[in-house]
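Each structure below appears as C-alpha cells.
Each of the next two complexes has chain A plus one more chain, namely chain B in the first and chain C in the second.
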Partner chain A sequence: MKSGIKTLVLVLMILLISTALFAGGQSEEGVKPIKLGGVWPLADITGEQGSKSAQLAVDEINAAGGLLGRPVELIVIDSEFKPEKGAAAIDRLATIENVDVFLGGMSSGVHLGQIPTLKKYKKVTVWTGAASGRAEEAMGPDAAWYFHLHPWDYNQGASYVEGWEAIGAKYPDLATAKWFMAYEEGAFGTASFNNWVELWGDNGIVEGESFTSAAFGGGDYSAVLEHAKEANPDIFVWAGYAADALPMMEQTKAVGFEPKTYIGSPPGWPSDFGDSPLAENVMFYGMWTPEMNKINKISKHYYDAYVKKYKATPETYFAPLGYTAVYIIAEAIKRAGTVETEALIKALEATAYESPLGETITFGPSNIIQHQGIRRQKIIQWQNDKQEIIWPFEYKTSDPVYPFPSWNKR
Partner chain B sequence: MIKYWKYILIAIILLLGVLFPFYAGAYQQSIARTVLIYLVLAISWDMLLRSGQLSFGMAGLFGIGSYASVLLLLRLGASPMLSILGAGLVAFVVAALLGILVLRLRAMYFAITTLAIGEIFRIIIRNWSSFTGGPEGAILPNIIFDGDPVLSYWLVLGLALLAIVLSVIFQKTRIYFALTAIRNNEVVAKSSGINIFKYLVIVFAITSALQGMAGGVFAQTYGFVTPESSFSADYILLPIAMALLGGIYGTLGPIIGTVLLGVLAEYLKLYIPYGHLIVYGIIIICIIMFMPQGIVGVVRSKIIRREVG
Partner chain C sequence: MAERILKRPLYIIVGLLSAAVIVLLLFWKPTVVVYGVQRAGLYAGIALPMALILGIVHIVNLAHGEFMITAAYITYFLCNSFGMSPFAALVPVVIVMFLLGMLIFKFTIKHTLKAPELNQLILTFGLAMVLTQGLNLIATSQPRKISLDFVTSSATVGETTFGTYGFIYDLAAVLILAGLLFFLRKTKFGKAAVAVGQNPRGARIIGIDVNKIYILVFSLAIALTGIMGVLFLTSQSIFPLAGGSYTMKSFCLVAMAGMGSLPGIVFASIGLGIAESFIMSFQGYGGWSNIVFFALIIIVILIKSFKGKR
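Moving on, here comes the complex of A and B:
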C-alpha cells in the first residue's frame, strides 16, 4: 500500500511539474515591453545568426529609447528543424509569452507545419525563410497579416534567368547557352531544377541529374559529375546543402571536370569554404555578402555591430535578414503608433526600408500571397577569399572572373 | 490492496489525460500531441521487440501512413477520420505482405530489411510526382477538425490509449507468452508447437498499423506531407531512445521514457536555447550507459532486492 501511495504521489508530481514548467511567461513589472516572438533552427548557422542579428537590432532599438516609449523584447524559440516543434513554438509565443508579432523562419518543411498554427492566431508575421511554392499555396491569398521577406522559388528562378541574361549581354565571352545542373534529390534541389528547366529551357539547353546530399547520408557525386563532364556544359551548377560544398569541389577536381563557369547553390556555405583554394572563382546565389559593406553603409553598420557584439562574422544572408525583419517591424510600429493588428498591417504595407541587403524593401502581391518583400537573389563569386557581387549591376563589387581556372593552376 | 491503488492511479492519470485541454494551454497541448505520437511509436516498437525482433521500420511505416492518409483524402475524397483508419489499414497490409517475405530473417538481417522499407517508399513517393506531389510533397486544404486543438488532442490521446490497451492485452494473452518464448529460445518455442511465423506476422502487422495511424494523425494535424519530413529518421531514433530510457519489454517503460524525454527536450530548449540538443544527447547517452535496463528495470530490481533482503 505504501509503495502504491508513493507511486501515485510521484506520478501526480511529475504531471503537475510538467505542466507548471511550461507555464512560464514574464512578470509584468514596470513598462510593458513590445514583444517579438522569433522561431529559428538554432543549431543551424542560419538560425543561430539570424536570431542573434534580430537580437542585435532589438538592442539598438532599445538603446535608442525603444518603441512608443516601451522597451522591445525578443523571445526566441528553437524550431529544431521539425515542423511539430516549430508549430509548438508558435503556440507558446502566442499563448504564454503573448508576443505582438511573429518573425524568423528558415526551412519550408518546418514552415508548412507552422502555417495552420499561424492561421489560428492571425498575428502579424514577418517571415524570413521558406522558399517553396507549396508554403505559399498553404498560406493562401487571404492572410493579410502575413509578410514574407525571402523570395519564393519561382522568384529566385526568374531572378537567375534575368541575371544570367544580363551577364551574357554585358560579358559576351561568358557563354550561358548550355547548362548542367546537379541537384540534391529532395524538395529544395528538385524544385530548383524544375524551376530552372521551366524558366531557362527556351533560352538554352538544360540537363540535370540528382544526387543524395551529404546532409542526408550521401556525398558521392562522381557519377553525376562524370555525366556533367560528358555533357560539356558552358555552366555547371549544383544545388545542394553546405555539407556538399567541399566534397563536391574535391570530387569535381578528382574526375577532372573543368566547366567554364562553376556555380554552387546551397542556402548557406560552410564558414571555412572560402579558405579552400578550390573555392576560388566559384559562383553562387545569395542575398548578401560582407562585400556589401563597400557600397552600403547600413550593411557596414550592421556588420561592424554584429562583429563587436558576438566576436564573430555573419556568414549567411539569413543573418542580415533577421536584422532587417526587426527593423521593418519597428518602423511599422512607429508609423502605426500601436501594435494593434489592423493598424500594423496597414503600416507594414507602407514599408520602404533601406536594408543592409542593398535593396529598399517594399511589399506587394506575389503569385498567391498579398505581401511579398524581396524578389531577387544576387549572383556572387568567390574571389581571393572574398564574396564579390557580380549581379545585379547596381550592387556590383567586382567583375566576374572567367573562365573558371584549371584545377592545377590553383 | 496494491491492486486497488493501481486502479485508482490509472483512473486519475486517465482523467488528467482526458481533461488536459481544460487545465493546460495551447502550447502544452501541442507538446502533449507530439509526446503522444512518439508514445505510439515507442510502445509499438517495443511490442515487436518482445518477440526478439528489432525493427527500424517505424519511420517508413509512419511515412506510409502519412502519405496514405493525405492521398486518400486528396485523391479519393475520404474524410480525415476515415483516411486515418485507411492509413492504418495500408500500413497493416504493407507490413503483412512484407512480413510474410522477411519475417523468417532474424536479428540484424530483419532490422536492416525494415530500415529499407522507408527508403524504398520514400524513393517511390519522390519520383511519382503526378500522384504524390513528388519531392515538394502535398498539402491538405484543411487540417482535421478545422484546427480545433482540443479535438486534435483527444484524437492523438485516443490513438495512444489504443496502443497502450493493445500492448497490455498482448501481455495478458497467449500471444505474449508465444512472443516471450520466441525471444527466450526460438528452438524450444518451435518444439513446443508455437507457430512462430504466424505470431510474428500478426504482431508486425498490428504494430505497423499503429505506426501508420500515427503518421496519418500527424499529417492530418499539420496538413502536409513531404518525403523528408514524413520519413524522417527522428521517428526511428527518438522512440527507441524513449523506450530504452523507460525500460523495454513492457508497456510502462515506453510510457515513462516518452513522457520524460518529451518533457525534458522542451524544458532544456527553453532554458538553453543555443545548446540544448547537445545537453539532451549527453543525457540520453549517460542514461543508456548507466541505466541499460531503463527506469522501470532499475525500480523493479530495487523492489526485488528489498523484498529479498
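Moving on, here comes the complex of A and C:
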C-alpha cells in the first residue's frame, strides 16, 4: 500500500514538473514579448498622457497580432521630473526588465541626467522630449542608436521666424515688426529670449525683460507688463511655465495692456486654461491640437481611440508624440524582422511614418546628432475654446484672429 | 506704544523719512507704491501667523507655506466640486485648517516642545515634506488656478492704470493684525497666551493651562494661514511646491521684525514690498529684487545685533 502511494506521488511529481517545464519552454520560445521601456514624468500631464498614448499604440499593435508573431509589452517608469530618477529608470529597464528599446521622455534637465546611462547601454532609443541644445551636445555625433523626435531649441526658433515671416506676408495687417518678450529668469526663459534675439533681431526690434516665474516663488508680473505696455509692441510674447499662464493674463488685463498680438510660450498649458475668457485669441506654439482631427485621419483615429480607452481627451502634444514613438518603433521592427540593434537602426533610418501630428516623420542629421525627426513647431491660436492651427499653412485649421481683442469686448 | 515711539528720536526720523520717500514715489512712480503696498499685504498676511506661533509656542514652523498651499488646494476642491465661490469656501477651509492644526500639534509638535530646537526644525521640515508629497500624490504637480473675473479689477488715476485686487491682501493683513492684537491684549485667553509666550513656567505656576494655550494658538495660526491660502488661490496658480518660498520669506520677515513682534511684521513687509517694487520698476533690474529683499534683512539683523551688543 505504502509503495503504491509512493509510486502515485512520484508519478504526480513527474507530471507536474514536466508540465511546468513544457509550459516554460513554450513561454521562452513562443510568446516572449518584445519589450519597450518608457520613462516619463507621470505626475505631469505630459508624462501621464504620453505614456497612456504609448500604451494605446501597444494595445492596438497587440490587437492586430503583435510584432514578428510576438506580443509587445510596454514597461513604464516614472522619472518624477528628476534627472537621477530618470537615469535610474534607464538602468532598471536595461538590467532588470531587459527591454529591447527605450522610448518616452520629457524635460531637457532629466534627459541630460539620463544621457550617460543611455550611452552605457547603447540600446535603440526613440526619444520624445528634450529641446535643449545642451542635451544634443551631451549626446554627441556618434550615437547612431539615438533617434530624437522633438525639435531642438534652434529648430523651434527657426520655425517661429519662418512662421511669422509667412504669416506677415500672407496677412500684411498683422504687424510683426516690434516684439517684446517677457521671459522667466531661469535657463528656459533666458535661452528662449537669447535665441529669439539672435534669430529675429535683424528683422525687427526685440525688447525683453525677465520675471520670476510663479513656479519659483514669483507670480507678480505687473512691472514687466508695465514696461511692455510702454514699449507698445506689435507682438507681446511671454516665455514661462504653466503656473504663470492665467495670472499673467489676469495681470495683463489689470494693468490695461492690450497688445496687438499676444503669444504665450509655456512648455505646457494648465488643463483649464481654455475655459477662461482671457484665453481667447492668445497664440502659442505646439506640435498638435485636437483640431488636427479636422484635416488628418490618423489624428482623428488616435484621438477617438484615446477618448474611448481613457474617457478623457488628450491635452498636450506629448500625448500623440508617445503614440507616434511606438508606431515608429513597431514599423521599424517589422521592416528589420528582428529587434537586433544594428538591423533596427537601419530600419529606423528608413522611417517615413505618417503621424497624427500631421508631418510624415523621417530621420536625418541635425546640427550634431545623426537622427533628428521633427523640426518645426506650429503656431496655434485659442479661438472659441478651440486650439486652431494658424501655421504651417498646410495644416491650417483657421485664419488668425487679429488684432488681439480688447479686454472689455470678451 | 505711541509713547515709546515718541521717546525714541530715531524712530521719528525713520518714520518721517519713510513717509517722505513714499510721497516722493507717489509723484515719481506711483505704481511702485501701489504694487509695493499690495505685495506687503501678501507678505504680512502670511508672516503674521508664523510670528504668532514663534512668539507664543516658540516653534519655527518650516511647514508654514505648505499649510497655506494645503488650504488653497482644499479651497480649489470645494470650488470645483461644489461650485462654491472661494469666499464662500473661506469658512469651511478655516475650520478644516484649525482642526488640522490641532491634530498636527497633538500628534507631532507637542512631543518636541521640550526637545532641542534642531529637533523641532527637523520635525516641521518633515511636515512640510509630507504635506508637499501628499498634495503631489493626490492632486499631481499640475498647476491649478480658478479663473475669476474680479481679480482683473483695475483703476485709472491720470494716465496710470493699475490692478486693484492686490489690495485684498492688505485688507486681510490689517484684519488679521487687528484681530490678533485685540485677542492678545483684550481677551482673558489672549492675555494668558501672552503670559505663556513670555514665561511658560511662570504661567504654569499661576494656574494657566499651558498645553491648552499652545494647541489653541497653534491651531489659530494654521487657521489664519488658511485665510491667506484661500486668497492666494484667487490670484495665483497653486502647485504642491508653491508654499516653500513663502515659508522662507515669512521666516525672514519675522527675523527682521523681531521675534514675535506683530506690528513689526507689517512695517517690515511695507519696507520690503516697496523696496522690491522700486527695483522692479527699472526695466531689466527685476532680478535684483530678491537680492534686495534678503540684503535688507541681513542689514537690519546686523544692526539689531550690533545694538544688542552695545
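In this text, the second predicted complex is superposed on the first by the 380 of 410 C-alpha atoms of A that agree within 3 Å, B and C clash if a C-alpha of one lies under 4 Å from a C-alpha of the other, contacts with A are read in each partner's own complex, and residues count from 1 in each chain.
Note that a residue touches a chain if its C-beta (ideal position, glycine included) is under 8 Å from a C-beta of that chain, and two chains touch if they have at least 3 such contacts.
Values in this document were obtained by computation on a predicted structure and should not be read as measured data.
By the touch criterion defined above, A:I96 reaches chain B but does not reach chain C. Within the superposed three-chain model, A:A43 lies in touch with chain B and with chain C [touch as defined at top]. Of the two partner chains placed by superposition, A:P365 touches none, neither chain B nor chain C. By the touch criterion defined above, A:W407 lies against chain C but remains apart from chain B after alignment on the C-alpha atoms of chain A.
With both structures placed on the common chain, the touch criterion links A:A242 to chain C but leaves chain B unconnected. Of the two partner chains, neither chain B nor chain C is touched by A:G337. Contacts of A:E185 after superposition on the shared chain: both chain B and chain C are touched. Counting the residues of chain A that each partner touches, chain B and chain C differ, and the larger count belongs to B. Shared interface residues of chain A (contacting chain B in one complex, chain C in the other): 43, 48, 185, 216. Interface residues of chain A facing chain C in the complex, by the touch rule stated above, are 43-45, 48, 81, 185, 209-212, 214-217, 219-220, 222-224, 226-227, 241-247, 250-251, 253-256, 270-272, 275-278, 407. Those residues of chain A that touch chain B in the complex are listed here as 1, 3-5, 7-8, 11-12, 14-15, 18-19, 21-24, 42-43, 48, 76-78, 80, 82-85, 87-88, 91-92, 94-96, 109, 112-113, 115-117, 119-120, 132-134, 137-138, 185-187, 189-191, 216.
Across the complex, chain B meets chain A through its residues 1-2, 4-6, 8-9, 12-13, 16, 23-31, 33-34, 37, 126, 133-137, 139, 143, 147, 149, 218, 222-224, 226-229, 232, 234, 259, 263, 266-267, 269-270, 273-274, 276-277, 303. Within the complex formed with chain A, the residues of chain C that make contact are 31, 35, 39, 136, 140-145, 147, 149, 151-154, 156, 161-165, 235-237, 239, 242, 244-246, 249, 277, 280-281, 283-284, 286-287, 289-290.
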